[in-house]
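What follows is a group of structures, each given as structure tokens.
Two complexes follow with chain A in common, the first pairing it with chain B and the second with chain C.
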Partner chain A sequence: MVKVAIYPPNSLILADLIERKGHTALALQKEVRKKVVDPEIDSPPMNITEDDPIKGLKYAAIEVPSGVRGRMSIIGPMIDEAEAAIIVDDAPFGFGCVGCARTNELSTFLLRNRDIPSLELNYPSSRDETMDMVNKINDFLDSLKSLEGS
Partner chain B sequence: MVKIALISCGTEYSGVQKEIEKAANTFGAEIILPEIDLDYINEAYEKFGFSAQSSSLKLMIARAMSIVEGKSKADAIFIATCFRCAEGALVRNVVRQFIQANTRIPVVTYSFTERTKADELFIRMEALTTVVARRSILAREKQEGLTVGIDSGSTTTKVVLMENNSVIGTGWTATKDIMGSVDTAAAEAFEGTGYTMDDVDGIGTTGYGRLTIGKNLKAELIQEELSVNAKGAVYLAGHQKGDATVLDIGGMDNKVITVNNGIPDNFTMGGICAGASGRFLDMTSRRLDVDISELGPLALKGDYKQAVLNSYCIVFGIQDLVTTLAAGGSKEDAAAAACHSVAEQVYEQQLQEIDIREPLIQVGGTSLISGLVQAVSDVLGGIEVIVPDYSQHIGAVGSALLVSGMGNRQDNK
Partner chain C sequence: MLENLSINPELGSDDTDPETVTRMIILGPKANVSESEIVHALHLLDLPLTIKNTCYGSMVSGKEKDVIKAIKEIRKMDPNNIFTKARGFPPGDPRRCRAHRLGPREGFHQMEDEFKLLGDISDALSNRKEVNIEKDEPIDVDDFKDIVKESLNDKKNK
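And then the complex of A and B:
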């Protein structure tokens, strides 16, 4: 079982494909869930408090807006934890989206520079391309089996 | 001539190009733009992996890549992006990390506005050129002969007398009249040593008043405080080999310097913000009616979480302090909160701009405030923080060390 980061980090389709192959998807929803099951919700709806953008300073300077740093406080540790990554570029927001172009730029940069097995694809625009994308993802996930236990 | 590569997204569009060049020229350096051809931009940009929207940032990435790949030559690098541009700030940081990870070229970063003037850049340009052009001086590890170091800071003036690798006298006074303060601190430093200023082999000056003092005393070394403090810190901490980070929370600005084998290779310098400086702690101690020397031990007894205090601005910070005390908060908690607030703000504004290398050597007058040292360690996740002896005299010790071997005043008599 390999921990696979995905981008967009909240793509249900990518997370599902990963889980089906027996790996762990590092999905944004799981991290947000940890924050919202906290008995004290200080900052609804996601319970990102003013401390979180400060934690995000590990990934982006103070001059970078707080929204980017708040997002990075959740996404950054997932990138650090990843053992493999799947990035889908130019995806429509229905596929998964963090709603911030600057976060996208930084997150994909950090993933590309993690020196881990990664697969980067463009979002498909036809049925054939979609099948091709899913096949490539499945092949990539199968290839990760050699990493298990290493 | 030291060649400083300018890697920026468009200083020429902000009206500050002239100021940057003027600042570099003042210290005998020249600004160069790494030349690259059009095809290389896309190639370098793809290789780098940051999907920037602005094409000037792509150019910036390609210029950095050309230096790392040896296609362009530079002695030092000045990375600048517009203040308040999020994408610019992201690229500025990742480009800095990329250069530092792949070269030993000194780098300094800056975010500019149309009001940026050459004198704001002086200290950064001077430090960049020093690291390149005066590497041999910075390599000095031992003080020899009888030398004096003078650090004319914004708040205090420090004088240190050194002989044969030992500090034999120190003086410290509040900075008022520049030369008058030097005389007062020097009198204290020379007291009981049997020496006078006429006996020394060399004089080194640093700090805001260094040029005036250097000219008056005909000093052999007049040097900005970034390289001097870095050298003084590793010397006093006995850590001249390997990596270290030097932190100086000053009365008016803050400096963070990374050092390798005693030579600074990167630094960041905070803007002028009283809320993140020693000045805030000075005001806090006055409001708490304790001497500044008691603030540290007091803070160690308190819990910062029990007091709401945010020194983003010194005025609001003191207002918070008044409110906390009025609501029945203890002096200990308020002192701890003040120390934590300064440490947190220094972290937020500066420490995360530089890759912290352990150990962290904390210097300057504020390093004597134990509560602040503890707060810095806490904010950085409990890392080792060293406060060497004479840490408050760091600039003066660094000057006395670096000028040794340069001065021959006795021979000239």
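And then the complex of A and C:
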């Protein structure tokens, strides 16, 4: 079982395709859950504490807006944990959105910089491209099986 | 007076248990099973789960091992048309549940958008084709020069 980071990190389609192949998708919702069910965080609907932008300093400098650092405090550890990555470029808002273009840029940059197997695709614009995308993702996930033993 | 959208969730001990997970089961547009069939099948599994019937499929919440077991069984009903996704908030959480909001919850719009692709995704899963996932490497500059010279010579000869 390989831990695969996805970008956009909350995409239904990417997470589902990864789990079908028996790998673990590092999806944002799993991290968000840790925040929203924590009884110590008692300011709903807020789920970011003042400590989070400080944790985000590991990934983004102090002059970077706190929104980016707050997001990176959740997305950053997932990128560190990843053993492989699937990145979909130019995805529309509906295909999983973190609500911040700068976070998108920083996260994809950090994923590309990790020395891990990665697959980078463009968001499909037609039926053929969609089928091509699914086949590429399935082939990539099959190729990760060699990593499992190592 | 404005609606209070920041209701305190007052979560139960099951919801705050770190081992508890919530998954959404989403039916694709070409699914051969209905939402109620899925819910019936989930109940018949007799697992300690909270099951909610929804417009897109259903939502299950419980211990991770039970949820994974339930999803494995449910997928067998229509493997290429049943999709699942993790959900951060527990079912019925007033911070997200549409019953307490003035419209659909935020994630619904995202699901609605991804739903448009699910038909093609299930077709691709049913008819798998070989594709090349090798990255295209840039060609050598000398090779590039040769190709340019060749094509220029071809033009001159014409």
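Keep this in mind: the second predicted complex is superposed on the first by the 147 of 150 C-alpha atoms of A that agree within 3 Å, B and C clash if a C-alpha of one lies under 4 Å from a C-alpha of the other, contacts with A are read in each partner's own complex, and residues count from 1 in each chain.
Convention: contacts are C-beta pairs under 8 Å (C-beta built on N, C-alpha and C of every residue); 3 or more make two chains touch, one makes a residue touch a chain.
All of these numbers come straight from a predicted model, not from anything done at the bench.
Novice: Mind checking chain B and chain C on superposed chain A, clash or fit?
Specialist: Here chain B and chain C can both sit on chain A without a clash.
Novice: With both structures fitted on chain A, tell me whether chain B or chain C touches more of chain A's residues.
Specialist: C
Novice: Mind working out whether A:Lys145 is in touch with chain B, chain C, both or neither, as first, second, both or neither?
Specialist: neither
Novice: Just checking: does A:Arg127 make contact with chain B only, chain C only, both, or neither of them? Give me first, second, both or neither.
Specialist: In the superposed model, A:Arg127 contacts chain C only, not chain B.
Novice: If we overlay the two complexes on their shared chain A, which of chain B and chain C does A:Glu105 touch? Say first, second, both or neither.
Specialist: first
Novice: Determine, under the contact definition given at the top, whether A:Val64 touches first (chain B), second (chain C), both, or neither.
Specialist: Touch status of A:Val64: first partner only.
Novice: Compute the least Cα distance separating chain B from chain C in the superposition and give it as a whole number of Å.
Specialist: 10
Novice: Residues of chain A touching chain C in their complex?
Specialist: 10-13, 15-17, 19-20, 27-39, 42, 44-45, 92-97, 119, 124, 127, 130-136, 138-140, 143
Novice: Applying the document's contact rule, which stretches of chain C touch chain A when the two form their complex?
Specialist: Residues 5-9, 11, 15-16, 18, 20-22, 26, 83-90, 93, 95, 109-114, 117-118, 120-121, 123-125, 127-131, 133.
Novice: Mind pulling up the chain B residues that touch chain A in the complex?
Specialist: Answer in residue numbers: 49-53, 83-84, 86-87, 89-90, 92-94, 111, 344, 347-349, 352-353.
Novice: Hey, which residues of chain A end up touching chain B in the complex?
Specialist: Residues 54, 57-58, 60-65, 68, 89, 101-102, 104-106, 108-109, 112-113.
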